[in-house]
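Two complexes come next, and they have one chain in common, subunit A, joined by subunit B in the first and subunit C in the second.
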Partner chain A sequence: MIQLNERKPILQAINLRHEYEARGEKIVALQDVNLTINAGDFVTVVGPSGCGKSTLAKIFAGLGTPTSGEALYAGKPINGPSAERGMVFQELAVLPWRTVVGNIGHGLEIAGVPKAEREQRVAELVQLIGLQGFEKKYPSELSGGMRQRVAVARTWATRPPVILMDEPFGAVDAITRLTLQEELIRLARATKQTVVFITHSVEEAVFLGDYIVAMSSRPGRVLEIVPVPDMGINRTWEKMIRDPRIEAIVSRVFELVRGRAVDSSSERQHA
Partner chain B sequence: MTTLRLTSSSIPALGIPVSVVAILLLALFWFALTNVFGVPEYVFPSMSSVAAALLEAALSGRLLDDTSISLLRLLLGAVIGIVTGIAFGFLVGLSRTARIAVEPLINAFSGIAGIAWIPLALAWFGTGLAMSTFVIWNGMFFVVFANTILGVSRVPPAYAQAIFTLGGDRREVLRSVIFPGALPDILTGVRVGLAFAWRSLIAAELMGSPMGLGQWVNEAATYQRTDRILAGCMTIAVLGVLLETLLVSWVAHRTVVRWGTVAVAEERKAL
Partner chain C sequence: MHSSSSIMHSVPAWVVQASTIVLLFVVWAVIAYFTKEPAILPTPAATFRAMANLIARGTLTAAVQESLRTLVIGCAICIVCVVPFALLIAQSRQIASVLQPMVRFISCVPAIALIPLFIVWFGFSTNAVYATLFYTSTIPLLFSVITGVQKIPRVYADGLRPLGAGQLRIVRDVYLPGAMPGIEVGIRLALSYGWRAVIAGELIIGSSGLGRVLAQARASNQVDQIIAVMIVIAVLFLIIDRLILFPWNQLVSSRWSSF
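So, the complex of A and B:
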């Protein structure tokens, strides 16, 4: 078989360490984090709150600087945010003073895409996320799920080489979340988009990821990288929960993030 | 700071705005005071004599002359106050250090009543347009300045970070995030500032400026014409309401209210 998708590293973390101070106490958010993400990967990063997974996303986005170590994009050190690495935020960061189309087209506007072309691409995205009829609405007039779709579409519109998503579906209800996850999977597969998806939900991580980066908390370190078998067109929630292989992966990742994994405790005994 | 209160509700059964009902009740009280209880004219003039004084002033052209000179003075001082208040508010609001450095000074200056500057302003500028402009600017500036700083510092950081990851630069963030994000507080500042500015103007006119509504009231006082005093006061009040509606409510309804970034009084449910 010929590998069509060239395995080219797009994001790399090398001996990443991040510390900060809170109430006079030094907190190590990230320690010895080494990670390579290839172009076209859909990676999920999962861990308990406080494991530094959001910090990792911010460093990749260029919104945070590591205390030591290096973060690379396409082999070059990351210094500052850029349109090459779009980010979808946890706190619904769509602008309340822009309409649905105003928000989705914002990145294209910044990139200087001509109006006619911009409108056409925004209309396509509106169609894709099912917000027809809501084009001229403001975020305050939308539901949480709709707002989240706008946030994703806004970042997607410019087709950045990398999309970082920091718990983007945390604030929507469980049923809407399932729909959003399935839509995201379909979109990412169809466009071979590189996505780094941060979540604290093990199920979400397993459902979405090509592989899962399991992290421990305080200090945040990478415990294990768990691959998910290629489900192809069977990547629906119903098919996945019935697959014994997936079930095994879910319990494996659960063990890891809860700090009860067998091999890590045996390692400790040997040491 | 005070929150923005907008538009009135109405009595459903009659379809009459409650604010109109309040005005009618006040008029009824006034009528009763002079025409039923017989309070003498020199203590409190009756509605009809105030109306006559107003008509006389209108016919002689005095009302128009005084109103235009007052409005000219007000607009000149207010526009300079708003522009400088917003500009300096941005400069200080965007820097934490500057904010901390300047805060005690703002509090000190805004504590001084605008009128207290008038004797000094008379010495500096005489009775001309420069004097009234300074006094009005002084009434307007600090409150717009302080509210702009507050507004700028309250814009959620994720809004700006999201625009940076869309490829936006600092200018883009200022234009499309910080300014609209700070607008609710800026408008509150302008609203409160306008009231201060209006009062400062009348005080400046009472204390020396030739012509203007304040001077009209001042002259009426010398001749003990209570009807003219009250006619002047009512003109000042009506103009104040009109200005507020034109400069603040009109803008607010097309911006912050439309976006849902400010709560409208009628939509806020009673506890």
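So, the complex of A and C:
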């Protein structure tokens, strides 16, 4: 953690508030959210459904605007999406009419990277995510896990300083998810990018994060930031579930997320 | 019951389709044979003789060329004008929601009811047939493309913005290819409705083409010729649909299938 604090802040949320209207009712998705994420961090944001964690990711991506407060990237206010902050979505956002390589290379194409260099970088990523032999396939010919790998690789290809991931493995089966999580850890460690990973799974949050941002249910607030001890190369699912320290963190985060969830539902009448 | 359905499954679909057409001809032949009224219902053999006659005289081939030319040129103009327009409108939900009820109201008037108006405006000419075709084909094409664009998941465009894509890029890489299934359905409808409009227009306006041959055959009470031309009209469209539109549809729907 000391080492982390020496790094430069790359993403900041200052008194962030976001509200929207649904069926004539005003809903506060985020309230008083203050958060600083340093360059190179792998942060997981966990909270119950409707705690505004996806909204937070969208605001950082520039796809959403806060009602009040500020979101900063490298000290400057975020207005609009930018290639500096990539995003992987929960829904399948890869384009069905592009092949695996067509999708992975899309960001590079937009950035105007020359064809030869593009092909080389895409080939490296295909190798890294284990999709050799599927280069010319269309998304409809792939399994759910493979498609999500393509989505991850597409975002990684342009090497954005920040990668936001909004429940990217929500739609894949539990076993594939484990594989994808381990691959993601490898990828993030290899490229040293800043990753903000949104999830509603406490286990996933603890397994992936350098630290965990635990959020309350509506209105979404940051409850606590829980650090995870550095596991080094022992960051595998098998090692982690047997570690008593990790076990303690999982129960702590569960307590936070569930305890507040009960509180805030009884508080709703006051709001 | 079960065994008969399993037999149906083991037979290729085209055999089933072909045998229904054969059955139709058999029923027709039997009725024609027993009624013995060639002036009302000629036999299939007489009809095909009439068809051969029309071909030998060159009437039929010329008429087929004229009708198809009208259909192809008319639909091409229609597609070139309507598709970009529809893509543009679909960008804004507001414009689409204002325009749709308006166009729907106009489209309540069948094209055939507008032919008198087109004759007054354009005379008894091919231009009046073109007007009928445009009127008929524009509306299904417009709606199909708009629906096609609106069906594109929002996340496709959202997914490209953090990759640095601007609006132009998104139109080119998301809306245009994403609207392909809608464009495909629209063109299919435009051609099939258009074909009917061309025949109906030619029939009433009497300018040229298969419709005029029909009108002439009716004037001289040659039912065998009328039915012969009907068969030609149906077969021509089947060929267009099966050989061109259907394979295209298969390609689009396999690739564009949302998972």
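Following the convention adopted for this analysis, the second predicted complex is superposed on the first by the 253 of 271 C-alpha atoms of A that agree within 3 Å, B and C clash if a C-alpha of one lies under 4 Å from a C-alpha of the other, contacts with A are read in each partner's own complex, and residues count from 1 in each chain.
Methods note: a residue touches a chain if its C-beta (ideal position, glycine included) is under 8 Å from a C-beta of that chain, and two chains touch if they have at least 3 such contacts.
Bear in mind the structure is a predicted one, so any value in this text is a computation, not a measurement.
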Q. For the three-chain model obtained by superposing on subunit A, do subunit B and subunit C clash or fit?
A. clash
Q: Figure out whether A:R85 sits in contact with subunit B (first) or subunit C (second), or with both, or with neither.
A: both
Q: Could you tell me if A:R147 is touching subunit B, subunit C, both of them or neither one (first, second, both, neither)?
A: second
Q. Given the touch rule stated above, what does A:I110 touch, subunit B (first), subunit C (second), both, or neither?
A. both
Q) Which residues would you name on subunit A as touching subunit B in one complex and subunit C in the other? A) 61-63, 81-83, 85-87, 89, 91, 93-97, 106-107, 110-111, 138-140, 154-155, 158, 164
Q: Would you tell me which residues of subunit B are touching subunit A in their complex?
A: 156, 158-159, 161-168, 172, 176-177, 180-181, 183, 255, 258-261
(Q) Touching residues of subunit A toward subunit B in the complex: what are they? (A) 61-63, 81-83, 85-87, 89-91, 93-98, 106-107, 110-111, 138-141, 154-155, 158, 164
Q: Enumerate the contact residues on subunit C facing subunit A in the complex.
A: 153, 155-156, 158-165, 169, 173-174, 177-178, 180, 254-259
Q | Residues on subunit A engaged by subunit C in the complex (per definition of touch) | A | 61-63, 81-83, 85-87, 89, 91-97, 106-107, 110-111, 138-140, 144, 147, 151, 154-155, 158, 160, 164
